[in-house]
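I'd like to ask some things about the structure below.
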């Protein structure tokens, strides 16, 4: 495994929205090029409080001969992310990565559909950038859902990358009113399972309802899951998610090492 | 008790020597004027690591109508003080104080002798400033001991306050060579117990040898002790020191609430 | 915010933990004692106790070790010198008592029952810091029961029995003291621990071992409170690592009728008041009128 | 830095703790396994185990709770798929074994004894996360002894018995497994704890309770290791909250012949190597030539 520990230096950590931040971290050039959907474990303090590292998807990545820059787009939801948001330029963080399996970017169909809920836009944004380069001819449609207008994040970058963008908010304060899965469902007839690749990331509830929609049909989708993590490298078995195994029996897979990207059909919901 | 909790704002935190720092903290005007020898409990991080607050003597204090400035002179010896040293301007700290009983500055004799070992100069410095004002006529002699020349701290301020200063270092790299208690012992004949007030602060070993010297004679001395502390307000009984009680029996007194200043004669050494 | 623990009525469920709030007066300058649910004073013994030789405390990750050895002024001095001050407040005063023999427990309980202004006794059968006795009382169900009975026979005050966590089966001890007549059960006391000074290769505490307290032990405290609540019917007081209102609410949700705040007072003398305010805000945010509507609402 | 634990020889006293280092390969990209004293693998059962439903972990102050429920691929898959990789290294491989019946312990021990490349067995009589059995084995001296004897009868490998801290008298259990033939005793496993999610008022862990690990428990681990070392003559391995070389040295000074590093690996995958380096530096600074000259130098 080519992931490793790096001392990162924060070169930027700006609020991009009420409680979302964009953090740019410089690491040594030996940092392996990440795949879209991979993440890092970030140790926020050298101290024991908070104790565990936090998993954050790689939002963007670039390198020059002297260093690499990892960009993280994150939302403040608790203690750890609050401390991250408070870190100033030049402060150091420990980075473990790149971790996990990214999205499958090889067998991509001619129609690409992205469904992002809230901060779930982070990994899909890097995926979009990547697919734009590798599959310039396939046509791409991106569905972005947010709680409300002031919760919108990462949209400008998406717009830069793709013309076909649908935006909705739960309360209709921006774009269409409704859940992103509902908006997508309205369009679903436009797509043919055989030539459509669907990628999704967002809250559990969103992915669950997406599963309801797709499992009625022949569509399959690659989705990125989230679970609390301790090690991030597959050693502790802490980030288990219930998956339908080859032989259709239930198995607990590790989001960090077997995922975070899974085939939506394989996920067993409570 | 007029001590209380204050949110302090660091206005300065400079290295005054290899591993000694001077921290200036702004607090609300309601902070009570401290007596020389009193201390504060400083909570370094809002987090639980390090867990306990740290006791630090008040090195200097000033106020204007808008705020008070508490100055702390501290040495980096471990985790907590290391973190203190890393705090930048404008960071906030929780201050509990002023705590403890200061030196007795009322019954002061015409000859004043100060004996400071290392960072022990901190409380004695404020005491000197105070006695200079309240007892301008008594003549003062200050003995300062340090490990070596590069460990010297707070001396300039002492020089500003008093002409009669003797400096020594364990290795002779500055001033006389020897322990400060030995240097004082050489001069002891110059002083008469009846009209001499002795104040001392420094490492346990120094105070112990001072006790050996003085207990042979009629001299008494007020010394400031140090112990690990949890509450700093007399509630936990954690900072106990063995003291000879009125009835000459052993009692465990609280350095924080019964001290930190004790009569050297009353201290029972191991 | 008032809660009832059997006969013991408190203005709110936030109490101080014995040994961490002195005799009340030490924190009276920081906290209006009238605002507390109860003040539990430092453990009292029949005669004044010298306590253990220093060093007595050491910081640990997320907590601290203490080996105070129950230094206290003794029950008589408490009644004469400390109780009058506490009587001035409209807050329940709870005397934490400690003995090395059944007879000592008996005598201390009796003296306090005759004194005016004590609202309940908390029986410390668990202090792990004193070499003689101490822990032993609380680690054997029969002995724990006998101490409970001994105290009950001497007093008409509500008797809170405070359990030690250094046992295999906390629920068994709880059931046993309940049968013996305990009106209320409080837990946990400190976990026994130690640490080594690598400069001297000696223990940091002169007493070698000490009691571990602070947020580090909260998960153990919550587990034991939950185990006990499932097995006894008397009210339970939750203790252990409470720093914030959220911490306190975890215990209340599990079914604790009240909580005691200990080590938190050291790092934040306003901790008790902050917890009370925080609980009020939580209830308001969740549109819960009565604190009792949150107690025991744990779902699993 | 080599140490001898009876017949078990280690290149250095720093081992990994079971369940925190996977099967070794998960960290092989971070740590040269050849530099470790030993790799202790995830607990192995006779058949593959699903483990507990998620959520399985929760952060606590200075530590974490886990209720993995011993998910593992089973002893056979381990021997076929994982052991060959570990054999490539010149580092002791220790199989941590777990069973819900004496017979399971027996069968697992037998299979591993026949496999090439296993240097010792660590018997987990203490896992507190599995509702059936688990803890119970380790909390009763007689049952603990019987498990020990059962395993000893099946194997010629050194048998390490790993104790649970959730007991009243750890030294009694230690003496009992020593008498039953344990070659080495390791401790501590996790302290049972829990925590409550105030948004849902449900436990954070689906399993309700879990095992507390990390620096928060170090003082308890040190105390128990010290208690055990005073009462048994077999080598003892210290486990619990070790994050740094200083932490490890505390256990060694008390008399532990080796240490296992667990949760620290999660927050710092280089933890084991950092501890080894740190111990070397400490020995150099104190002009101590042989690691064995520091072991058991505790003074009190």
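Which chain is which? They are A, B, C and D, in the order written, and residues in each are numbered from 1.
In this section, a contact is a pair of C-beta atoms (placed from the backbone, for glycine too) under 8 Å apart; a residue touches a chain by one contact, two chains touch by 3 or more.
No experiment lies behind these values; they were computed from the predicted model shown.
Distance from the centre of chain C peaks at A, each centre being the average of the chain's Cα atoms. Of the two chain pairs considered here, B-C and B-D, the higher C-beta contact count falls to B-C. Distance from the chain B centre to the chain C centre is 35 Å, each centre being the mean of its Cα atoms. With centres taken as mean Cα positions, chain D sits 34 Å from chain C.
Each chain gets one centre point, the mean of its Cα atoms, and the points for chain B and chain D are 47 Å apart.
Centre-to-centre separation between chain A and chain B, using Cα means, comes to 55 Å. Within chain D, residues 60-63, 214-215 each touch two or more of the remaining chains. Residue positions 48-50 of chain B are each in touch with at least two other chains. Viewed as a network of touching protein chains, the structure reduces to a complete graph with every chain in contact with every other.
Considering their complex, residues 61-62 of chain C touch chain A.
Those residues of chain C that touch chain D in the complex are listed here as 60-63, 65, 139, 166-169, 191-196, 198, 200-203, 208-209, 212, 214-220, 222-223, 226, 241, 246, 249-250, 253-254, 282, 297-300. Every residue of chain B that touches chain D in the complex is listed here, in rising order: 48-49. Every residue of chain B that touches chain C in the complex is listed here, in rising order: 1-5, 43, 48-53, 94, 96, 227-242, 250-252, 257.
Those residues of chain A lying in contact with chain B across their complex are 45, 47-50.
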